[in-house]
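Before anything else, here is the set of structures, which you'll find just below.
Across the two complexes that follow, subunit A remains constant while its partner is subunit B and subsequently subunit C.
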Partner chain A sequence: MNAFLQSTVYGLLQGGLLALVAVGFSLVWGVMNVINLAHGAFVVVGAYVAWQLNEWLGLDPFIAMFGSMAFLFVTGYLVQRLLVNLVVNAPVFITLLLTFGLDLLLTNGLIMIYSGNYRAINTSYALKSLALGGVRVPVGRLLGCLLAVACSLLLVSLMKRTRTGLAIAATGMDRGAARLMGIRARHIYALTFGIAAALAGLAGAMLATVGTFSPADASKYTLFSFVIAVLGGLGNMYGALAGGLLLGLVESWAGQYLSGTLVNAVAFGLLVLVLVARPAGLLGRPFYESRLEV
Partner chain B sequence: MKVRTTTVAVTAVLALSLAACGSKGSRSTSGADQDQLTIGVSMSLTGSLAREGLLTRSGYEFCQQVINGKGGIPVGDRKVKLNLVFQDDTSSPDTAAQLIDQYNDKGYKLVLSPYGSAATEAAAAVVERNGQVMVDSLGADDTIFEKGYRRTFGVLSPGSEYAASIVEALHDLAKPTPKTVIFLSADDGFSKSVTTGGEKAARGLGMTVLPTQFFPNGASDVSAALSKAKALHPDVIIGSVHFVEGVAIIKQSKELGVRPQGFGETVAPPTPDFPQTLNELAEGVLGSSQWVSSGKGSDKWFGTSADYATAYKAKFGEDAQYHAASASAACLALVMAVEKAHSLQPDAVRDALASLDTPSFFGPIKFDPTGKNVTKQMSVIQIQHGEAVPVWPADVAQKPLIWPGAA
Partner chain C sequence: MAAESRVDVTGKPAAAPPTPADEPDGWRRLRPATPWAIGAIAVLAVIALQTQLYSGQVRTVSTVLMFIALAQSWNILGGFTGYASFGQVAFFGLGGYSTAVLMAKAGLSYWMALPLSAVIAAAFAAVIGLPLLRLRGHYFAIATLGVAEGLREIVINVPRLTGGGAGISIPVVGKHASTAYLGNDTFYIVFLVVAAATTVLVGVLSRSRLGYGLRAIRQDEAAAAAAGIDTTRAKVTALVLSAFCTGLVGSVYAFQQVTIYPERLFDVQITLLMVMMVVIGGSGTVLGPIIGATALQALSEYLRANFTEVHTFILGAIIIAAVIILPQGAVFFIRDAWRTRRLPLLDNVRTYRL
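Entry: the complex of A and B
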């Protein structure tokens, strides 16, 4: 029983971190119909910015994460405005190619600058655990998971209660109609991309605090984001959170009760099952279903 | 307009013809002209193994510099300079195999291995088919040498020795002697070879081997394996892992309160990134290393291990690790074989490699009929005050083992 509780808690915490990684990816896909293959690279850039701020200024990663978010927001905004916007009307294959190229550029740029070494941000508290009965709750992961929940709530509130959020949602549903209503689609797209990149930066700072990172991790995070976005569904800001938590939980249980080598098979088996039962994903809206058919 | 189009077309055809002629010409030279021996290297310069690939390339480049700095390889009455050609395999074994094939098309019959067991295994099949010759620097999986290949030679100790050496070191040095050991292993071929070798050694030395826990290669979450290990209360946890899983074991053990007497891990602890990433958590962790700078043996090109370490640091500004040393040793074995064969022809070099029996800065180099270097012993290091310090075997040890080793 204790083992079950421990693996459940750890899986949820791990899932929260994964949700944080994926939430921006899901946002961009839902609003712009762009599958951003450079998302994992943004996560790693975020980790490097937080690590660099920690090295230079001794900033705690929970403060340095704001630096990561700011840097990635500006980067994301400019990348969309100056680059992705050029092909935003093109077939999805073209945007895939463009973002794949961007991913290669960022990943290999980081290898050139930082030599591909593995790094981590060490703090006095991240690896400590709270003991609840026989179950240990690691502090760093708990904070990361809480941040993921907070980000999802903030994003929902942004999308539902602010004019900017409503403009983002409207542009995602019907760009032509949104433009006729006076919404500047180019700006809204760039803003969405910027927000997504900032969230990736935040996730990067958290991952650097509880684990290690190197430029080679970028593709792993893109893959996780893709799976979680499909699992959770598009068009609902809680989708990534649900997808991430489910993936974390299933991976943790699979590791605990089956052979560890089957973890990936179980995780991807779950993806297939969800797609068969609910093609729009767990919380996805039917309108966005067609976007999964790429 | 038509004339211009025709001109362009004809020029293109001529250019292609000339290129084809050039390609044919080089093919007949076996990668060598009068003064230069070109050796093809497929290397992980980008992708998931870029870090290790760049270290390996440094070792190869250092070898080239040393050999050419001393005038080149004596072949009969002339001296031949080394010319290493690198191409990026993006850490993909399939690409590595294709590049080796392309080198063959260019006439490069002698090649040095890519980084890692998977890429080396893929390359070895192509080498055998093409009649090329490869010296393997960092592909340690025993299965590479169990396929009956005759043209691949590995200078490093095989994978089965990695964890076995840690087990032997603990048996020889640790007080109290650990009685139970559990292996946490990645599921790739190399890690499984390591685990099998370690389990066998532990049983042979009278330790109780608890059920091995596997996780996917490259996993950054090994919590499930650690939870299961925690319930079994092992004296020692040995990770048959790469860097990422190795760091995850130590970090997540702290999170989950897993506290054995000590940790051993195979390839992660000897790299400088390990103590830098983990700080004080790295203290006391044991690791196995193909090479340490206090090792015995020397050769005429690099001198002793200590000479190698000094010269490497002078060139690259950082301490040599076993990745680079192993790469230099593979290059050295090829150089020695060419010198011994008095020829650049692949068959002659292959035969010279098969009969090579020489000391070197890397340790003895002598291949068994399968191509494994079985005479070399691995060393065991322990992280002490942020440094990887050799503690076993006795002839290379610089400090005594600290035990219990867990921080």
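Entry: the complex of A and C
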């Protein structure tokens, strides 16, 4: 029972971080119908920016994460404005391939600058753990998870309350009509991509604090984002949070009771099952499933 | 969004086709045979090329031929039908592992294992095809990706059969070898045969009833169904054919490599390369995948040889540029340039940009 409780807590903590990794991916997919294969690379870039700031200035990762977010927001905005916007109306696999090229560029750029070695940001507190009634809770993961949940909730309220948020949602639903209402779709798309990249950068800074990272991790995070976005479904801002927590729990439980790398097989099996049974995802709106490809 | 998206898939402007009356009589009768004649000459040329190469180059050209076969296989489903399979490598890996297991554990000869492996891959495709082909667009892409990743994990986790993460070796020398190693020169011919066979299959398909049905599905699936095409059956047939060819290539690759690992045989990069080659060449055409595979593989080899440190970096930049300038593929690009007598370099950007 204790082992079960421990793995549940660990799964929820990991799931919160994974949700933060995926929330930007899910946003971009829902609004622009673009699958960003470079999302995992953005996460890793965020980790490197935080690590670099920590090396140079000795910044605490919870402050350095603002540097990651700012850097990736600018990068994301420019990438969408100058590259992805050029092919956004082309058939499905064109944007997939474009972001795949971007992923190669970023990942190999990082390898050229920093080599492929694993790194981590060391802090005095992240690896300590609290004991709560026999269950150990690592401090770094707890802080990261709380921050991730807070960010997801903040994003939801921003999307619902602010004019910019509403403009993003409107552009996602019907771009033609949104433009007629005076929304600058090019800017809104770039802004959405920038926000998604900034969230990825934040997630990267957190992941660098609680564990190790290297350029090779990029594809892993892209894949996680995929799974979470599909599990949660598009069009519901809580979808990524729910999908992330679910994936974290499933992986943690499978890790507890199954052997070795069968954990991943379980995750992908779950993905295929959900897709076949309920293609709109667990919380998604059917609209996003029935939408034609742009 | 729907109103803006009504762009012709190939993005080609209307141009008058050459009128048949312009052509001499005998030439018109010969015309349908010309692609086959050119194909036969190309195959002979590749055989002749082999005598001019040293062994390292033989291996390089073999890889090009392998990717032509893979790109053609992906083309059947992704190009003609418009269902972008991002888990095509599942059939490649399944074909390779079937061959390795059949030869190493069951002691079958290679020439038995080769067709069996392709059939196993095709059967697997038939099983997963029915539920997965109900999904469309990105969802189909991700579901197939999930299948490929899941299959890799399963292969890793049954080490008694597959050797697990440590890989499995096909016995090629000594008493246990059911078939002796073929050697680079024979593999060159085998890959050539497979590439030519898949190309012929795609050529026949593109003029067949099924091929037209698949194209109709790509343009509008509901309309295709209304026109009397059994869409489910056509899609599953396309997937099974595609998986059969991919499994065949996987089997040859496994025997060529002798020792195979799950990480290599189920590498998602192989799928992405197939997609890339078809899209750059021209999806839904016979010639496109050949052009795409040859160009991309040659470029990749050149960069690897000359800019070892940064070759993937440059490749990434080239992919981005190619996708922006040539989203409809080289075949359509050249055709448009030929018909309109000008280079439509930025037309695609004008069509597809926001």
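Here is the rule we use: the second predicted complex is superposed on the first by the 289 of 294 C-alpha atoms of A that agree within 3 Å, B and C clash if a C-alpha of one lies under 4 Å from a C-alpha of the other, contacts with A are read in each partner's own complex, and residues count from 1 in each chain.
Keep this in mind: a contact is a pair of C-beta atoms (placed from the backbone, for glycine too) under 8 Å apart; a residue touches a chain by one contact, two chains touch by 3 or more.
Being a predicted model, the structure only gives us computed values, none of them experimental.
Aligning the two structures on subunit A places subunit B and subunit C in clashing positions. For subunit A, the partner touching the most residues, choosing from subunit B and subunit C, is C. Contact with subunit C, but none with subunit B, is seen for A:G176 once the two complexes are overlaid on the shared chain. Once the two complexes are overlaid on the shared chain, A:V88 sits against subunit C while remaining clear of subunit B. After overlaying the two complexes on the shared chain, residue contacts for A:N54 are found with neither subunit B nor subunit C. By the touch criterion defined above, A:S214 lies against subunit B but remains apart from subunit C after alignment on the C-alpha atoms of chain A.
Residue contacts after overlaying the shared chain place A:N264 against subunit B and subunit C alike. By the touch criterion defined above, A:S7 reaches subunit B but does not reach subunit C.
When the shared chain is aligned, no partner comes close enough to touch A:S26: not subunit B, not subunit C.
Within the superposed three-chain model, A:A120 lies in touch with subunit B and out of touch with subunit C [touch as defined at top]. In the superposition on chain A, A:N108 makes contact with both subunit B and subunit C.
After superposition on chain A, the stretch of subunit B whose C-alpha atoms clash with subunit C is 96-104, while the remaining options among 42-50, 96-104 or 204-212 stay clear. Contacts of subunit A with subunit B, set against its contacts with subunit C after fitting on chain A, overlap at residues 108, 219, 259-261, 264.
Against subunit B, in their complex, subunit A makes its touches with residues 3, 6-7, 10, 14, 107-108, 111, 115-120, 122, 127, 129, 131, 136, 138, 140-141, 210-212, 214-216, 219-220, 251-252, 254-256, 259-261, 263-264.
Across the interface of their complex, subunit A is touched by residues 46-51, 54, 91, 187, 213-216, 218-221, 223-225, 227-228, 231, 243-244, 247-248, 251, 254-257, 273, 276-279, 281 of subunit B.
Residues 1-5, 7, 9, 78, 82, 84, 86, 131-132, 134-139, 141-143, 145-147, 149-150, 153-154, 156-157, 165, 268, 272, 275-276, 279, 309-310, 312-313, 315-320, 323-324, 327, 348-349, 351-354 of subunit C touch subunit A in their complex.
Listed in rising order, the residues of subunit A touching subunit C in the complex are 29, 33, 35, 83, 85-94, 96-98, 100-105, 108-109, 112, 174-176, 185-186, 189, 219, 223, 226-227, 230, 259-262, 264-265, 268-269, 271-272, 275-276, 279, 289, 291-294.
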